[in-house]
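Notes for the one structure printed next.
So that you can tell them apart, the chains are marked A, B, C and D in the order they are listed, and the count of residues begins at 1 in each.
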Amino acid sequence: MDRFIPLLFAGFSTGAVYALVASGIVLVHKASGAVNFAQGDLLTLGAFVYLAFTGAMPPMAAVGLTIVVLFLAGGAIERIVFVPLRDQPRLTVAVATFGIALAIQAGLTVWQGSDPQSVPSAFGHGSVDVFGTPLPVLSLWTILITAIVFAGMYALFQFTQIGRMVRALAADREVAVLYGVPASGLNFLTFGLSGALAALGGVLLGPSIAISPMMGFSIVLFVFAAVTIGGFDSMGGVAASAVVLGVAQQLLTGYVSSAYTNAYPFLVMLALLLVRPTGLARPIAAERF
Amino acid sequence: MTSTRASTGTRANTALGSGLVCYLVVGYVIAAGGDGYLLTVASLAAVNVVLAVGFSIVYAQSGQFSFATAGLAAAGAFGYAWFAKHMPAEIALVAAVAATTVLGLAIRLATIRLSRLYFAIASVAVGGLITIVLVNWESLSGGASGVGPVPAVTFGMVDGEELAGVFLIAWLLSAVAVAAGSLLYRSAWARDLLVVKDLRHIGQNDGLPIRRLELEAYAVHAAFTGLAGVMLASTGTFISIASFDISMALQVLIMVVLGGSGRVLGPVIGAAVITPLPEILHGAGKWSGMVYGITLLIVLVALPDGVLGLWDRFRAWARARLVRPGTVRVEGGSP
Amino acid sequence: MRVRNPGARHVVALVSLCGLAAAGCGHLGGGGGSDDTIDIGALVYQTGPLAQKGATNNLTMAADDINAAGGVDGRKIKIKFYDIGGLTPQQGRTAAQRALADKPDALIGPSVSAQTNAFLGLLPKAEVPLINVSAQRESDPGQPQGNPWTFRIYHRVDRMAEAISRVMAEQLKAKNVVVTHSTDDTSTHVKDDVVKDLKAKQVKVMKIASYTPEATDLTNAALATRGADAVVALGYPQPLGLMVKQMRANGIKSPIVFDPGAEAGVKLLSPSDLTNTSMVAACRPQATQGQDPVAKKFMDAYTSKYPGSYVNGYYYEAVQLIAQGMRNSKGEGGAKLREGLAAIKGFKGICGESSADADQNFIHDYKVVKLDGGKETLGGIVSGLTGAY
Amino acid sequence: MNAPEVDALEVKDVKVHFGGVYALKGVSLTVPSGMCVGLTGPNGSGKSTLVNAVTGVVDAAGEVRAQGTPLQLSRPGRAARLGLRRTYQTPRVHPKLTGIENVCTGHRLMAGRSASAAVFRRMRAGAAERDRRRDAEAALDRVGGSAAADVTGAVMTYGQRRLVELARVLVAEPRVLLLDEPSAGLNDTEVTALRTLIADLAAEGVGVLLIDHRISLLNEVCDRLVVLEEGLKLHEGEPADVWRHDRVRAAYIGELDDAGN
């Protein structure tokens, strides 16, 4: 049974990172009703920006700066793409985010080349003994930091004025604007926040794997499985399903077969969608058929 | 009152006829004069035309966004490669297209109760799953190293080894697909699909069989995509799972969005512009990926109706300018 | 009554499709293999996932070196680069067609086997020999898809397996081995052969752990290696580097032997992770420069001319072999050049000794490259490799 | 009157709730064939919800029969199969289709409207299309919307959109017709045309449920009038005496001066 605990922890740590990316997608969906296919590539961008900064400054400063840069990148995407396409159908907006994903991937290939690169960890190296089995230090930090971030976001959305306004915007855009909610300003903020979350994901995931410009898409596919199960509007639901999927993937790979590692999240998602076509959480636009 | 509308039917047929003749002439010119490189690029163009027409019917006309294009094309290609071992190439073609259509129907039936957004995501999963299953199905797909040499489709009219001949057959197949696409676009069925796309509940309350129409649109998409997979195998003589990755779904999307919807001409233009782009972009070297992403963005933001939309707006603008003074314009009446 | 022109819309389609034809016709008049130069078409990756593999520098330097020494019987070598752009067979075939349209004397092939297989059939009609830089056995002349126009400068799957199993049995004297590999086709073939060879040498294979080429978390594969006294690691650079990192992170220190897939992966690992690791490669001037003066001369020249650029001995040697083939065929291209290439025996190049065997493969002695501390040193040479079956 | 006609539409004790809010608290009404029943009431009284419940677009409880056959609630599209059609408060027309094409989509003749027919059975599809276009033109003429025949939905005027939607519904030769505020935004001549049209339809045996606020229209064309308030039936009867009913006046018009207007 010596493999169970490490696999479980590996599942928790990847699940935690995917929860960060998933919450970014939920934020964008809350604010603008659109699905952001480029969220995975924002994570890749975050990892490469962090890599570039580590060369010039101590790791923690690099982490901080990366989060700020990605915050502005998220806001810029909202201004350049989402504002002009506001009244287009949701699918066209989703397709536009593909354009962003392609541009980020190609930009990174030009800037950093396509060879995989390793990223120094800002949160410790090597392994530490927990319950007798050596576990990577980084994954323990990842789980801890993600928990803190989610607690912070929960507080932001439940108790602060900004949080209430964002939730009002998500509930009913027109009415919220009528009540004086500064929709465009808030949009910029929520997109920026989703960029910052992606940056954190990049900083935490980067050192534990090798980063390459093309890795964004496989991450977003996994995250979509979690978002579909957790529902597009509930941060908690999405975070929980991301972690569950992360652990399920590791255990299935360990104990069933590793040839289908990438397929497990989809199999779980498809099985669930066939049972409940609108996802587990509160159904949003329930298409009545 | 014999309505003037009947005449547009005949006029549209002549437009289709002349369009197809032009299309075939271009194919013949390429087959006669082109060298190996041009024939290969033109074969890929023919494959892309068929893919784009199929995708534009399911996405631009019926509003269903499907990412499984790469998976379905792979099913068509590997199906054809396998069938061709046991039967003549032409029958293998029909069998592969039929198999892919059934696969497409099964996919859509399984996900019929999903809303469009969830179906788009589910189709990403299905596309990924088909690819993973094919990679592990050694006997069909030859694993990661692929399958070949695959016999070419010749209908007995050309020599299977001869590049130009195999290309011409692929071009003819794409011409048939364009003709079928044009008929589909001008049909009452395509009109009903528009209602399924934009006025879903209204169509339902008017008794339109929404689910049947969506299934049919997806089956047509699967058939065209399967045919494209077969043509890719036939003209390429060698296929591996690496040919069918997510970038194929993106490329088809850019073609349909760039070309514009509503007429079969849209996807044809999209394919004609996007296929040679990477070849032309070789000069741009490492910047070609960037150009792709940014083209998609610009087209979506600036040209929501694509090239066709631009052309229609230009014609409306030109007609308003060039109408000779003194001609009485009857409101809405065609001259 | 103004008749609306029904075909107006279709003029647009005709114009854009003619654009396609014109873009192609430009290639009709490509330069043929004119007499005063030897034209080599090199299929390389300037964009896409394998971009920036440094091949262009190695090829250019080889041509410059030969031309500086008077070329081949006075004829200069000219290399033209064709960007493949991605991993799909269609891209490989299109790039090859573009190269063949310029009527080269010889081609230097892509490094992805599926792409090589996609255009092998074109070579006999074009009468252009290909120096193949991929590992799959299918492209050998004797194979169903192969034809006599292909020569291999790279390692071959079965020989690599034989070399690795001999290192495990003879050098490391391992008794309990775990084999890990990514599920891409080349690694799977090497894995099968390694397992067969090890069993023949009475070495117990405890476990075989596989993972998908694009896996982003390999804890499972890393943990499977616990308890082995030596590990074989085969596969793509990214997962390979990741697995070793996770093995060390989970406290597993056993020695590891890589196949060349690790070349790029090694850059991802810190020097401490690399303790007790080695790689087997067919041509590795970086490691053999200590013992081989020819490799030393090349390495010094290359690192001074292209500091920090990626050394790829295969491409450099391929150009040298084509030049030697031309000398053997007295400057004649086509079938004569093919015979010239097949006649090469005991050619002293930067990869050591190259001689074409019946399968027209050039390299038979594989090098064991120790990677400890991130520096490459020669850990021995495995010679007399015939391929296990 | 020949054999007693089965009722066009029979609604029994229909309840609809959204979360805690009860939009309909059990409403019953019948629309006999060949009659026009008016349905009115202040805004938010549940008029449109009732139509949505009958057409199955909203989850509802209770019993509904169209042409005597029971209708499965909460399943859209079922009512249409039994010859029931409805229009919308804001007319819904497809922007890219012309008037004729919009009307054709409402036609019940499904021949030639499948992918295979469009490519393989072109003769039959062509014939069916000509029939549909002929009926569509007739329907457009009948509602006075022929001018919009060749105009695409995006450039149609509000009035044209209303008439095209009406034609789309009529071309299906419905047995039960639910009109949701058809007179909104029409000028007087258009209202009189609408009145004669509804009268003709009733004469042809169609059961019409007319939801509107225009009291003059309701009084002149409806045989009976039902008044709803907060999801319940306040009163039902002949149009003339319904307005004299004090609870209706109080709910509708507030305290009335003695002149009764």
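Throughout what follows, contacts are C-beta pairs under 8 Å (C-beta built on N, C-alpha and C of every residue); 3 or more make two chains touch, one makes a residue touch a chain.
Here the structure is a predicted model, which is why all the values come from computation and not from measurement.
Contact with chain A and chain D alike is made by B.
Distance between Cα centroids is largest for the pairing of chain B with D. The chain pair sharing the most C-beta contacts is B-C.
Distance between chain centres (mean CA atoms), chain A to chain B: 33 Å.
Chain geometry summary: the mean Cα position of chain C and that of chain D are 73 Å apart. Remark: chain B and chain D have CA centroids separated by 41 Å (rounded to whole angstrom).
Averaging Cα coordinates per chain places chain B and chain C 36 Å apart.
Looking at chain C, one finds that residues 47-48, 51, 183 touch two or more other chains.
Shared interface positions of chain B, defined as residues touching 2 or more other chains, are 210, 286, 288-289, 334. Those residues of chain D in touch with two or more other chains are numbered 57, 76. Chain B meets chain D in the complex at residues 1, 3, 5-6, 9, 180, 183-184, 187-192, 194-195, 198-199, 201-210, 216-217, 219-220, 262, 331-334. Residue ranges on chain C touching chain B, taken from their complex, read 1-2, 4, 6-10, 12-14, 16-21, 23-25, 27-28, 30, 46-48, 51, 83, 85-90, 93-94, 97-98, 100-101, 112-114, 117-118, 121-122, 136, 138, 145, 183-186, 188. For chain D in complex with chain B, the touching residues are 55, 57, 76-77, 79-81, 85-86, 88, 92, 94-97, 100-101, 104-106, 108, 110, 112-115, 117-119, 122, 125-126, 128-130, 132-133, 137, 147, 149-151, 168-169, 172. Chain contact summary for the complex, chain A toward chain C: residues 2-3, 6-7, 10, 14, 109, 113-118, 126-127, 134-136, 138, 205, 208-210, 212, 214-215, 218-219, 250, 253-254, 258-259, 261-262. For chain B in complex with chain A, the touching residues are 63, 65, 110-118, 120-122, 124-126, 128-129, 132, 136, 210-211, 246, 250, 253, 257, 286-297, 300-301, 304.
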